[in-house]
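A, B, C, D, E and F are the chain letters, set down in written order, and residue numbers restart from 1 in every chain.
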Amino acid sequence: MKLITAIIKPFQLDNVREALAALDVKGLTVTEVKGFGRQKGHTELYRGAEYVIDFLPKVKLEIVTNAEMVDSIIDAIISVTKTGKMGDGKIFVANVEQVIRIRTAETGWDAI
Amino acid sequence: MKLITAIIKPFQLDNVREALAALDVKGLTVTEVKGFGRQKGHTELYRGAEYVIDFLPKVKLEIVTNAEMVDSIIDAIISVTKTGKMGDGKIFVANVEQVIRIRTAETGWDAI
Amino acid sequence: MKLITAIIKPFQLDNVREALAALDVKGLTVTEVKGFGRQKGHTELYRGAEYVIDFLPKVKLEIVTNAEMVDSIIDAIISVTKTGKMGDGKIFVANVEQVIRIRTAETGWDAI
Amino acid sequence: MKKYIVFLVALVMSGGAWAAELPPTLDSGDTAWILVSTVLVLLMTIPGLALFYGGMVRKKNVLATMGHSVSAAAVVTVIWVVLGYTLAFGEGGLWVGDLSKILLNGITKDTLSGTIPEILFVIFQMTFAIITLAIISGSVADRIKFSAWIAFMALWVVLVYAPITHWVWAPTGWLFAKGALDFAGGTVVHINSGVAGLVLAYVIGNRIGYGRESMAPHNLVLSVIGASLIWVGWFGFNGGSALAANGSAAYAIVTTQVAAAAATLSWLFFERMLHGKASILGAASGAVAGLVVITPAAGFVDVKGALIMGLIGGAVCLWGTNGLKRMLKADDALDAFGLHAVGGIVGAILTAIFASEMIMGKKIELIPQLLTQIEGVVAVAIYSAVMTFIIAKVIDILIGLRVGNDDERMGLDLSQHGERIE
Amino acid sequence: MKKYIVFLVALVMSGGAWAAELPPTLDSGDTAWILVSTVLVLLMTIPGLALFYGGMVRKKNVLATMGHSVSAAAVVTVIWVVLGYTLAFGEGGLWVGDLSKILLNGITKDTLSGTIPEILFVIFQMTFAIITLAIISGSVADRIKFSAWIAFMALWVVLVYAPITHWVWAPTGWLFAKGALDFAGGTVVHINSGVAGLVLAYVIGNRIGYGRESMAPHNLVLSVIGASLIWVGWFGFNGGSALAANGSAAYAIVTTQVAAAAATLSWLFFERMLHGKASILGAASGAVAGLVVITPAAGFVDVKGALIMGLIGGAVCLWGTNGLKRMLKADDALDAFGLHAVGGIVGAILTAIFASEMIMGKKIELIPQLLTQIEGVVAVAIYSAVMTFIIAKVIDILIGLRVGNDDERMGLDLSQHGERIE
Amino acid sequence: MKKYIVFLVALVMSGGAWAAELPPTLDSGDTAWILVSTVLVLLMTIPGLALFYGGMVRKKNVLATMGHSVSAAAVVTVIWVVLGYTLAFGEGGLWVGDLSKILLNGITKDTLSGTIPEILFVIFQMTFAIITLAIISGSVADRIKFSAWIAFMALWVVLVYAPITHWVWAPTGWLFAKGALDFAGGTVVHINSGVAGLVLAYVIGNRIGYGRESMAPHNLVLSVIGASLIWVGWFGFNGGSALAANGSAAYAIVTTQVAAAAATLSWLFFERMLHGKASILGAASGAVAGLVVITPAAGFVDVKGALIMGLIGGAVCLWGTNGLKRMLKADDALDAFGLHAVGGIVGAILTAIFASEMIMGKKIELIPQLLTQIEGVVAVAIYSAVMTFIIAKVIDILIGLRVGNDDERMGLDLSQHGERIE
């Protein structure tokens, strides 16, 4: 099993969810994160104190799936989030050794 | 070393922490996340605009531990969080190559 | 490619970012988390109800990088966050199989 | 300023003998002050109490909790103009008013009550009824069904609040006739609501996870705002109860301020002694405690009396929300009993002790007054407890008082109202 | 309390014939009440409306949204003392005041307006102009450029608000002369702002993602606080419009309270019937709806009338912010039209129907009055719509009304003000 | 309205010669207004300033910061009735009042101060003392020990606030005798608190990480609510300082409103010019700046004067919180000095320039008045600075002013109060 982690712009979340639903992705987990990357942040000035905000709000998606689906999921994500502007985001893929559904104690693909 | 990631219902957090303490688990990290899965969300209606909220509040636990303890930790988590209802959550296990405690620069099992 | 996960004290974030910038680390992702570990929490008392708060606010950094840079990044993080007090934090390293930049569809090291 | 004018004119004219004969006339200054006091007492509930309570619950229940206060403003208003006012202040007898002023029948723009329009007295009193209900809601926070809460309020105003108000404040009421002192609502509002809250908490049962899971307040900033608005609004509550803009009203707001301040310090001091830290929730709670304690006494005691009452009140209510609360074993979630009933009882009794001849213009006999005060406390507490129990049981049987377990877990905001804060 | 004193003295002296001859003098009670009413109406906007609106937008726009109200207080104040007041209340003719009181020329501390200082009337009226602008801002929330908003306000006060105020409230105004009833601003404030908001929403266009992405309110706690402050502040709005601290003012706050309460219940009831759940945003919205509906009528109807008007108003405005909103297809983000214009129109018409002889001291002929009311509504709506359209288009051409797409995505807080909340 | 009545009666009776002989009597309208003004000034501190400040700190310090204001209300109240009032307004001599009114000795319900009860004057003045302390707390936010703060307040009210108040406002005070103009507290409240804050900031030292780590405000929504409440409350501060409900009070609230609005616009304008964006914190700060600047002048200048003073004040205070702040190098965390001392000084000086004959009823000689104003500013600043330094040092030695490093890192909410917001 694989874990796909995608870091995207927050307002793209709904689009991605729809695209994944079309692929019959059954579950995913979303975390609000802050990202530092090529896309430059901004400056905030409060009463004479200037703060350079390098971290921008992003959303992290985590999807556990089987190896076969990885590519189509990645393609689906890219297809809806790519604007060509800095900060579009990143996708990482890692290996997952075991998956368990708590409700039924099913494991592996059945647990997804 | 292994990383156990468990996605559970927020109010189960205290129960899980107690169950893990009984196993002498020394550390864990908790993230507030939102989950999309079999458990269906709800509809919110504000002034005529209807929003389907697919994402439900969940808590993500991350526990780094050695391979031997993985099964007992998983069992402990399941034993307190299983209600048999949709949305009880998932557990994922992945491999971790290296662990370091910043305070002492210890590595591996000593660092846990 | 490797994923370095570091759990540190929130106020160290700026220091770490600067140290990593010096290493020319191009991107990282930050999550606000709560941690349970050796560092003990505190007690809060509200109108006669006492709550033991075991979870302390921490920040989780995730950095995807190539294998060669792992050690220097870890050293840099330790060098600025080590105070020798409990709760300084942990660093975990895991393997990442694939990295994609959404904007350009570049993969691997080019995507970082 | 009528009386001064009358006096002045009388003086000028000569005798003054006929001055007493003149019918009371409207005084624009008094009217202005009671108009404002009405605003202030309403402000105590919305958004005051709504915030004070809203900040202390868990995040999933904040809107519902605020909604309990907002709906109190809505439901009680309608019931009050239709039925509540006449039952409370319609002539009637010892126990309850008659129906002569149903739907405010016969009250025109020109009908006076002292030197202010009677219609103004109607709404000023209405705001007291509103906050009484809103206070009760704290006891059942996090688990009461919204429909049950609405039904409870409608019945309770008519069956409990209106009669007790009649006892204490209507010229024909039996406690009034006995000389029970309650300047601004220590019995009518605070003991009454606190006792009702406790009974309701017993009937509805404890929250799931009570005593085991963390139910720490989600945002005490809201509670501090709320307590602050309650504090400033209380100047209308106590100062307005003078029903005139004069030295009495001014003295009442000074005693109010002093008692609030003293109780805040006293709460913080004892909290620090007992628990090591003085908390901001403690400061807010202490202020409210002092305000409750001074309520029956505000227009009767001097500044020294207010100071001592505040110091005592802060300490006793700290115990009310800690030691006593644990003894009572009820999950009175936001301490309607521990703050309002306890503070109200302390205040009622201390009123007899600290009533000042200088302020009241007459001497109060300590022992008889003390007995009268206690009689008032006991009567109100018993009536309120019994009637609240009956109303709660009836509602529980008919529509159910409490939400289901899953709804409680999910939180009232989502389960009752389909909303949430981010 | 002037008139009573005069009366008293007159009575004492004997004849009373000369009493009417006395020039009006300042009454300290009336002055106190209008001083306070001014505070209350300002409170409705800052922080009242700022919060009501601020809680309903997405988190990235909350400061900008609040800023729309705060800047209304700043811009309108300056324009009002310079030009607005004289155009509204300077003598002039049927359509607009003259420039005789430019920069408040000639108004000293001793100049009276009835029994209060004229300078007090100036600022009391100023607070109405402020809130009118702030209401409009709800329609264009989340996408208007800050500089465009400032420019819009400056022009609109002068070109739209001042003339319409003159029509309705200046003794020489044509609608006033016709006998159109608008006690506290149903046409001047609510229909005017609601219609302007709708037009502005059409001109500026829908928000990116409107109807597709979730634009759920980020923190309704703020909206409940805001609605509560609007509610209590409205006592100054309606009660202050009596321009005296007397039975009229008191009656007006009672009708206000009753209508707000009735509309809250009515909104909650129908919401539950139609959508299954009664929401807290619904309670807040219902309260505001009731307050809007009663505004033109507050000093003219009795309690029963207020009750019925509230019940109707809650239901109709629920439709205004749901069914009607969908029909209109404009992204009137925070429902300036659905609440204020719809409520204002309902109120204007019902005023004719429920105007009470007992309260007004004279009989109102239903049909002619109804026609006059409708004439007022239509005239104000058309003038406001046309002028708003022109002003908006001019600003759009000169400096652009709307922020760029990326700035809108990023949120106005950061893109317009370089700030954000955590 | 006393004077009008007396006049009227006098007129009616005939001569009027004896009218001046009549002792002043209570005026219900004036009393109503000062009752309300007291409420409003208290509202400025709790929750006004508590929120204004609370929103600007980091999340870990918000409750503690609000607690500084709440505890000011508690501590100052008790000290004021015991000792502060008599030291400030007891007869005494040039420098300080005597102890004749200790514990408000001799003040009954019937004791008058002008046309209002003296007890009302006591509490009205008390609210000024409270906010003065609360303003100071901004300088030491995020690092002062709670116990040290309590001790500081108790000493400072007695040793600094009471004497300075005596100088400026007591009939026997030396600055009052000199004819220094301070309508509502420019020197007493603002310069005094601002200077004390700066000194305290120097003594306590900069926050850990100051200038390096982000200390961005955690929730400016709170600050906007706070600034709004401060704004509306200021009508009581300045309007109430007329001590009557009359044309003076009304003029004072108009100049207050105009200055606040003008300063808001001026701050926003220059901010946009200098930094590219006009911020909402800027709007809030500008409003407060304008309010501070107009405070000494509110009852002395006309609308044009207020407009210009506001425009100047906004710009100068923007510099006070930016350029000047950097020059001073003190970590005056929330700009007590940059806003209040700077604004207060500007206001004191401009008062001499813009004092209007039309409003004051007498001509002011520019140069002598300017010198007197400057003398007042300098005297207050020096006395406040020296005494604050001594008090701070004494407390630092006895109990320590500042929390430990770990406690500061953890945040005051947890380390001082054992609480936090979610």
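For the reader, a short list of remarks on this structure follows.
The working rule: a contact is a pair of C-beta atoms (placed from the backbone, for glycine too) under 8 Å apart; a residue touches a chain by one contact, two chains touch by 3 or more.
Note that this is a predicted model, so its numbers are computed, not measured.
Contacts with chain B and chain E are shared by A, D. Hopping across touching chains, the smallest step count from chain A to chain B is 1. Taken over every residue number at the interface, the positions common to chain D and chain F amount to under half, indicating a different-residue contact.
The distance from the centre of chain A to the centre of chain F, with each centre set as the mean of the Cα atoms, comes to 52 Å. Chain B and chain C have centres, each the mean of its CA atoms, that are 18 Å apart.
Here the CA centre of chain B is 46 Å from the CA centre of chain D. For chain F, the set of residues that touch two or more other chains comprises 1-2, 5, 9, 27-30, 32-33, 36, 214, 216, 225, 245, 275, 277, 279, 281, 418-419. In chain B, the residues that touch at least two other chains are 31, 44-46, 94-95. Chain pairs that touch one another, listed by label: A-B, A-C, A-E, A-F, B-C, B-D, B-E, C-D, C-F, D-E, D-F, E-F. Within the complex formed with chain A, the chain E residues making contact are 209, 212-214, 409, 414, 418-420. Residue ranges of chain F in contact with chain D, taken from their complex: 1-2, 5-6, 9, 13, 22, 25-33, 35-36, 38-39, 42-43, 46-47, 50-51, 54, 62-64, 66-67, 70-71, 73-75, 77-78, 81, 103-104, 108-111, 116-117, 119-120, 122-123, 126, 146, 222, 225, 245, 413, 416-419, 421-422. Here chain F touches chain A in the complex through residues 56, 211, 214-217, 275, 277, 279, 281, 285, 321-323, 325-326, 335, 338, going by the rule given at the top. Residues 2, 6-8, 31-38, 54-55, 58, 60, 70, 74, 77-78, 81-95 of chain B are the ones that touch chain A when the two sit in their complex.
Those residues of chain D that touch chain F in the complex are listed here as 1-2, 4-5, 8-9, 12, 27-30, 32-33, 36, 40, 59, 216, 218-221, 224-225, 227-229, 231-232, 235-236, 239, 244-251, 253-254, 257-258, 260-262, 264-265, 268, 275-281, 283-284, 286-287, 303-304, 307, 358-359.
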